[in-house]
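Listed below are the structures to be examined.
In the two complexes that follow, chain A is the common piece, with chain B as its partner first and chain C second.
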Partner chain A sequence: MDSTDRLKLARFLGDAATAVPGVVGLRGGRSGEVTEYGPGGRVSGVAVATAAERLQVTVSIAARYSPDLDLARLADRVRRAVQHEADERIPDTVDRVDVVVADLVTQEATP
Partner chain B sequence: MNILNRVLVILFTLLVIATSALVLAVTVGLVAPQGLPLPLLADVLEPFAELQSQSQIVAIAVAAGLLVLALVVLIAELMLPARNKKFTIKKDDLGRVTVSENGLRRLVDREAALVPGVMEARSELSESKQGLRVKSRVSVDPGSDAAQLTDQVRDRIKGALERHLGQVAEVAVEAQIEPFDRKKRRRVR
Partner chain C sequence: MATASNVGQAPKSSDRTSLQSGNGTTTIADAVVARIAGLAAREVDGVHELKAAGTGGTIADFASKVAGGDERNSGVSVEVGEREAAIDLGMTVKYEVDIPKVAQAVRQNVISRVTSMTGLSVTEVNITVIDLFFPEDEEAAAERVK
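Here is the complex of A and B:
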């Protein structure tokens, strides 16, 4: 998979992650440590690494804070959504999906 | 910028530093090209040793400028803040779930602020062999019982962290009646 395909895949996976209720957005980190770069653009908050023909995805999210927030359950939903999206596009290629909760945003701070 | 990009930038700046330092040394006459260990390097640098007046000044200026620029870039790359520490929530065959130190600090501050009577909270996190340590300062309502609030805040933070992370070594809470300073105090003469 070349960098153009990885960038395209990262966009789809990022969209899948942000569609999960409780996810406010993606966060690439201060020095862009979780960012996919490619020709003509980049996707902050998603990184796709290749290892022996298999892919490992890292998704870095900002979660919406609420008193009953359960980070593990939210992260599981994100992992399932991202894995499902990846399986739809490139079946049996993504080995693992790591989720980083990079930030918590309160309701009043959410646009 | 990811790790690979940073490594490439660091390697490139080191190359520029070495090259411009060599050109500078040969141009000002500190090093003779014939004395260099690689014949190819000597051939490339030979013309710089023969530069005269105006051309020599231009070469020195360009090499010195590049040297300074590369040093600045190298120092900036090396001095970038350390990566935000992450705490593992769970790890299984599907992958790893972590929360950043920044995210966890916000969680702690939010949980503390939910205790009635707490106006604001500011926390620091650290990790020891025993696990996560939390030091939280809370600004409380002047009419409230600070000692009682401290216990409530500690229990609330501990409960939330155990729910999310599973283990917490220590939660220390300090309460103060005054609001946190938002601005630096001005010196009044």
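Here is the complex of A and C:
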């Protein structure tokens, strides 16, 4: 998988993560730790690593604060959504999705 | 950072990972734990604001600002392990409140929020009341700058 494909994949996986209710956005980290770079662009908050021809994905999210927030559950939903998206596009390739809850956003802070 | 792996983990956290279908870990950033603790503390009536305690705390806040840290977490410091968290809070309280009662309510709310939201067990919440807040002080200050 070349870097163009990787970037494309990262975009789809990032979209799958942000589509999960309770996820406000992706966070690449202050120094871009979780960022996929490629020709003509980058995706902050998603990193795709290759390990023995298999892929490991890390997504780093910002969650919306609510009184009944359960971050472990939210992270599991994100993991499943990202895994599902990956399996649709490239079956049997991604065998691990790590989720980082990097930020928490309160209602007042979001427009 | 708190990391919970669903591969070969302690039975205690099985309820956290039962919903997982694929493989992978969940990591909750320290800043997120601090943010939850700060929001929980502020919810308690009688708490005026969270503020770093003492000179050391002021320096720590300043250093965090210089380093581009999260200003929203001023007055909160956390130590997070794999399953447990310890939390230090510095705060000013409104004058005429029962300080021990407010502190106890803060401690309970912080423990309940952090536990339910992150799954971490909170081993301690240390609270430093660094000052009293008098509403009339703020009014007087507002008068002066008119």
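Operating definition for what follows: the second predicted complex is superposed on the first by the 111 of 111 C-alpha atoms of A that agree within 3 Å, B and C clash if a C-alpha of one lies under 4 Å from a C-alpha of the other, contacts with A are read in each partner's own complex, and residues count from 1 in each chain.
FYI, contacts are C-beta pairs under 8 Å (C-beta built on N, C-alpha and C of every residue); 3 or more make two chains touch, one makes a residue touch a chain.
None of the values given here were measured: they were computed from a predicted structure.
> Mind checking chain B and chain C on superposed chain A, clash or fit?
They clash.
> After the superposition on A, what does A:47 contact: first (chain B), second (chain C), both or neither?
First partner only.
> After lining up the shared chain so the two structures overlap, which partner does A:81 touch, if you call chain B first and chain C second: first, second, both or neither?
Neither partner.
> One more residue to check, A:55. First (chain B), second (chain C), both or neither?
After superposing on A, A:55 lies clear of both chain B and chain C.
> Report for A:30: first if it touches chain B alone, second if chain C alone, otherwise both or neither.
Touch status of A:30: both partners.
> Output check: A:65 vs chain B and chain C. Expected answer is one of first, second, both, neither. What do you get?
Both chain B and chain C are touched by A:65.
> Pick one for A:73: touches chain B only (first), chain C only (second), both, or neither.
So A:73 only meets chain C here.
> Shared contact residues on chain A for chain B and chain C?
Overlap of chain B and chain C footprints on chain A: residues 30, 57, 63, 65, 69-72, 75-76, 79, 83, 96-104, 106.
> Any idea which chain B residues touch chain A in the complex?
The contact residues of chain B facing chain A are 1-3, 5-6, 80-81, 83-84, 86, 89-90, 93-100, 102-103, 106-107, 110-111, 114, 163-164.
> Can you list the chain C residues touching chain A in their complex?
4, 16-17, 19-29, 31-32, 35-36, 39, 68, 116-119
> Which part of chain A faces chain C closely enough to touch in the complex?
30, 57, 63, 65, 69-73, 75-77, 79-80, 83, 95-104, 106
> Considering only the defined contacts, which chain A positions touch chain B in the complex?
Residues in contact with chain B: 29-33, 35, 37, 47, 56-57, 63, 65, 67, 69-72, 75-76, 79, 83, 96-104, 106.
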